[in-house]
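What follows is subunit A paired twice: with subunit B in the first complex and subunit C in the second.
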Partner chain A sequence: MKNLFRNCLYIGRNSYRDKSFLFWVLIYPLILAMFFYIAFSGVMDMELKNIDVGISSESSIEFVLKEVEFLNIYKLPEHEVKERLQNEEIEGFIDDDLNLFVKKSGIRQTIIKEILDQIKQMDSLNVPIENFDFDVDYILDKNQKADTIIIVFYSLIAMVSAYGIFPGIEVTSFIQANLSNIGQRVNITPLKKIDFLLSGTIVSLVLNLLANGLLIGFMKYVLKLDLFTEIKYSLIFILIGNLFGIALGIFIGVSSKQNENVKTILGIVTVLILSFFSGMMSPDIKIMMDQKLPIMGKLNPISIITNNLYKVNLLGNTQNTLEGIIILCIYCMVLSLISYGVLRRKSYDSI
Partner chain B sequence: MTVYKYFIKVALKNKGVILSYTILFFILSVINGSTNTQRETNFTESKLDIGIIDNSNSQLSRGLVNYLEKNNNIISTKSDEKYIKEQIFLQIADGVIVIPENFEDKVINKEKAVEIYKDDRKIETYQIQNQINKFILFANATYEDGKFKLWNVNDALDEKVDVNLVISDNNINQRINNWFKTYFNFTSYIILAIYISVIGFVMIEFTDEEIEKRRKISSIKFLKFNQQMYLGQLTIAGFQTLVFILGSIILKGKYIGEVDFFKYVFNTIVFSFSALCFVFLVNNITSNRFVISGISTVLSLGTSFISGVLVPQEILGEKVLTIAKFFPTYYFVKINETNIKSFLDVKYELFMQILFAMAFLLVGLYFSKAKQKQ
Partner chain C sequence: MIVKVNNLVKRYKELIALDHFNMEVKEGEILGLLGPNGCGKTTAINCILSLLNFDKGEIEIFGEKMTPNSYNIKRDIGLVPQEVSVLHNLTVKENIDYFCGLYIEDKNLRKQYVEEAIEFVGLKDYIKFYPKKLSGGLKRRLNIACGIAHKPRLIFLDEPTVAVDAQSRNFILDGIKKLNQEGSTIIYTTHYLEEAEMLCKRIIIMDNGKNLVSGTNEELKAMITTTEKIVVGFSEIDNNKVKKLEDIPQVIDIEKRQDDYIIKFENGLNNLSNLLDFIKENNLTYTKLYSQLPTLNDVFLELTGKELRD
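Coming up: the complex of A and B.
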């Protein structure tokens, strides 16, 4: 126990001194969160914009169109119509014969057309006007926010939780004699590698969890984003994400003789690509992957964490959480076992 | 040309960085390229993605489902509220409609007859509501002797107004132009990231103290050494920019006549020059590998976010765009987003990019002089 504590202390000091660890794990996620917030705050505060429609000054349907709450009506002289459409100042122009003029196809233009269709269709139905009861709304509204943008923040948290990869890589260089001076010293002492690895995992976990806490605190108190409503499951996924990151870091660390910088870049690229497919750069990528290659979303560890975080926190849905936890645990175990297999009883003829 | 050769050799040692960024870029461009790129000649109605759960299965409900099917894309859904909410949240569906068992009674009694899961902040919501309310309004208007005259309703609903597409004055195909816009906007992110990291990493090796000492005692003149080094930088930068320009021709070459291709190419070259000058400044400020990889990642991604590369400029707030104006990426994107008749239309934006390049060079030179004095 005393050994474990001492090993933890030394590994912790070394990690703390490593500037690249401090930057990638502590500062880089905060910068990314800041950029995401700046870029996406406009989308998050989305408000419905009315549709701008031009009509001729003699239009007979002006009073009908003015009844439609989401239309802005502008009376225009004929010579201005084309220019206003080209400059996208109006989305459609209706002439006296109910013909619609638009610059391009789109949902807003389709809605204008739908209103005009209705005027024509009512005429065509040929029933007395009193048969139409315009005051009744037949729809029972179940509102649910469509908020794909928020996924980028969950994806960022998932990515950062996997940043245990950095201390993971560093720890393996401490215990391999062919990779670092400390490794050479450790190898000639009676210290057991498994003890050192265990200490490294504990330190990595603590440091990375602290970094995660800092990021989440920054998002909550500085950016005022309320991302977590279901603490228990969120913590479980962040914790397993950390363990996965460390296991992957150790795996990358033992996989080759390349220096730490190369392995760190490999780690960043691996996690970045996994995060990219989980929707960190654009939620559309995640949705496309879910539709075209759903198995990828179920196996990509960052996607598993991202999907479960938004499901439990925003949709109150805890179905299938166990499936995600089991898959992540399997990844951790397989990576750890392979790494330990490579590390154990390794000796060097010469360094 | 020893210095030049060595420069290229060291640069190619960083092929991992170049390849990973370039491959990521082309994967995204291919994904983005799968959208419709044909020139728009007729108006096409937007179809919404709607999920329908019909628990009534009555004549009226089937009529409603048929009408919605005719005008929208029907997607599969489940009678599970959590599943439906996730479909709306992820925007897989614009709306999910649940028709209750006693649908007909509710319609006749003019009660709330259809449940819709949707996001009220989306314009698509109006379209769904409008279609459903219209169908029921029409059905109820024809209700007589305990029956709906649905064939009359369907006939009436087939009536449509004419829509005329106003053709723009220039010869630009807007759909394919959007692809080129996105493609070239995104090159700015990759160009900045690759230039800073690759050229930066090579320069670290050149500015190494040991190498500096060797250079000083060698016969090569300082000017010649610098000339070859900058030629190396220009080669790497030029090659990378050329890859992106050729990439656009390979991916969408047959459409370059339908967009202002020369505008994109010229703008990219000007931006690349500005980015190269920025790299000159960075290299004169630091020769720390860690700082360079940090600047490369943070600055390329950061300017892309605030300048409209990853998120359109119209969505970004005024304050964000004001900050973005302090970086050349903003002006690069602005030119790509503008339909021009001649380069005079974007002279200010081009001038700003060149001005930034000059400023980067001058500040870089200042730091370089200061370093030499040390």
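Coming up: the complex of A and C.
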């Protein structure tokens, strides 16, 4: 325990004094947040108005939809649907089979889809739909600005959560004799590799959570973005996101003998690609992915964090969060088990 | 024996890095592993320390089989790797304290050991410096301090003076002698024969992964035919007279190096006076004349047909 604490102390000191670490993990996300804020400041001011939804005259869910205060429901004959959608008089149309038709992608259409998904779920679980309390669920009840652009900021937070990848890569270099000079020294000490790995993981987690905290604080107090209404679930996703990042970093670290710089580039590319598809560069990408390749949204870890942060905070929807938590935990476990299998090797074929 | 290596074989695919390598190290000695770059010195050390897998052989340290899990054995070992292996964002003192602390849990004892290690490598004025601010020689000293601060019984020093200035080199070599005097057994790899001659009580000469010979400095030199070399420079000498040099008793070889002749003798008695007689008889004048005893380079040359410096 004493050794663990000392190891954490010194590995932590070594990390936080690293200027490149400070830049990429602490400063770079703030720059990105500021950049996004300035770039989208016009859009940010947009208030979400009531959403116009068309339904068929025989719709079985009319009474449910009417309970949602910010939805304007229009019963439409079939022949008018196409024209109304074309003229953008309605944002979407729900047919008798609960299929959603939209003309374009956007936050309003996403919200309709979210509501429809919940209704379908409750139906499949045989829960009486009338029991569902929409008043606590959706945006306008919470006086929350429904900024499309907010997805970008949630995605940014998800990306920073996954930044644990970098200290993860570093810690494997530190303890592997075939990856670094210092690894040779570490491997002939009387301490087990797992002690160093544990210390490195703790340090990575603490420093990365600090980076998350700094980014969230910057968004809240400097950019005045009120992103978090559901603290418990948000913290869970940020924490698991961090653990996922570290596990992925360790996995990348042990997976080849390439030098640390190559692996760091690989880490950056991985995080950026995952973040891109989760909507960090544009919310339209996320919406497009949700429509064209919904499975990607369910499997992309950054998307899982982004979607859930968005859902629990912006939509107040805590359903299905467990699914996201389980998928992320599975990722962490699989990556950790594979890495452990490689790290368990005590001596090397070449150094 | 503090270290015993028996028939060690290590292959890197087709390449045989260690070919039935044997080594025995007695407690309290400085053993030199001498050989050209790439001969297998570092590979041998890495195998002994269980950092590298090997194909065949047995390794014992302190009378016990060495394995990657031999944490009790590791507690008494210090390693100074060939490359500077320190944490670059910790200061000199923090680095030494960190590595010492991996072995020594008692805080007061550790503090004392760290102070002693700093003093020992002469880094007292640099304790708050980060490694990147240190010169190459000072970095090497820090590398040594991190490996020896916990006062190990057995120390492996892998070419600790490579790319080091003369001042730091002498400092390091003196320090190694001092470590040995304080009771540590040292295994020292180098391709600098002068260092091996100066430091080591026993030397193993390696080439192509094999130990060619081992013994004390004197024992090794006694193994070769050449016992004396005389370097002579003539103001003028023709080819006939050069050829006649071979007729001097005990001469076994003559080598021309730039304007000088290096005459090798197989017996160390009266060689210089025999050469002076030859010069007088042939009315030659010499510009330089001095005698050299054989070096480890001569030993290596005679055993392998190539110079150690190659």
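Simple rule for what comes next: the second predicted complex is superposed on the first by the 248 of 351 C-alpha atoms of A that agree within 3 Å, B and C clash if a C-alpha of one lies under 4 Å from a C-alpha of the other, contacts with A are read in each partner's own complex, and residues count from 1 in each chain.
Rule of thumb we're sticking to: a contact is a pair of C-beta atoms (placed from the backbone, for glycine too) under 8 Å apart; a residue touches a chain by one contact, two chains touch by 3 or more.
Remember, predicted model here, so these are calculated numbers, not experimental data.
J.: Which holds for A:V222: it touches subunit B only (first), subunit C only (second), both, or neither?
T.: In the superposed model, A:V222 contacts neither subunit B nor subunit C.
J.: Report for A:V269: first if it touches subunit B alone, second if subunit C alone, otherwise both or neither.
T.: first
J.: Which partner does A:L293 reach: the first (subunit B), the second (subunit C), both, or neither?
T.: Neither partner.
J.: Which partner chains sit in contact with A:M333 here, subunit B, subunit C, both or neither? Use first/second/both/neither.
T.: After superposing on A, A:M333 lies clear of both subunit B and subunit C.
J.: After superposing on the shared chain, does subunit C or subunit B touch more subunit A residues?
T.: Comparing touch counts on subunit A for subunit B and subunit C gives B.
J.: Is A:L314 contacted by the first partner subunit B, the second partner subunit C, both or neither?
T.: First partner only, subunit B.
J.: Pick one for A:I188: touches subunit B only (first), subunit C only (second), both, or neither.
T.: second
J.: Figure out whether A:I231 sits in contact with subunit B (first) or subunit C (second), or with both, or with neither.
T.: Once the two structures are laid over each other on A, A:I231 reaches no partner at all.
J.: Which partner does A:Y10 contact after superposing on A: first (subunit B), second (subunit C), both, neither?
T.: second
J.: Both subunit B and subunit C contact which residues of subunit A?
T.: Of subunit A, no residue contacts subunit B in one complex and subunit C in the other.
J.: Which bits of subunit B are touching subunit A when the two form their complex?
T.: 16-17, 20, 24, 31, 40, 43-46, 48, 82, 84-86, 88-92, 106-107, 110-124, 126-127, 129-134, 136-138, 140-142, 152-153, 155-157, 159-166, 168-169, 174, 289-290, 293-294, 297-298, 301-302, 305-306, 310-311, 315-317, 320
J.: Give every residue of subunit C touching subunit A within the complex, in rising order.
T.: 12, 46, 49-53, 67-69, 71-72, 74-75, 77, 79, 81, 83-90, 94, 98-99, 101-103, 105, 146-147
J.: Note which residues of subunit A are touching subunit B in the complex, please.
T.: For subunit A paired with subunit B, touching residues are 19-20, 23, 28, 31-32, 35-36, 38-43, 46-49, 51, 70, 82, 85-86, 98-111, 113-118, 120-122, 124-127, 131-134, 136-148, 261, 265, 269, 273, 276, 281-283, 285-288, 290-291, 310-311, 314-317, 319.
J.: Which bits of subunit A are touching subunit C when the two form their complex?
T.: 2-3, 6, 10, 13-15, 17-18, 177, 180-182, 184-185, 187-192, 346-351
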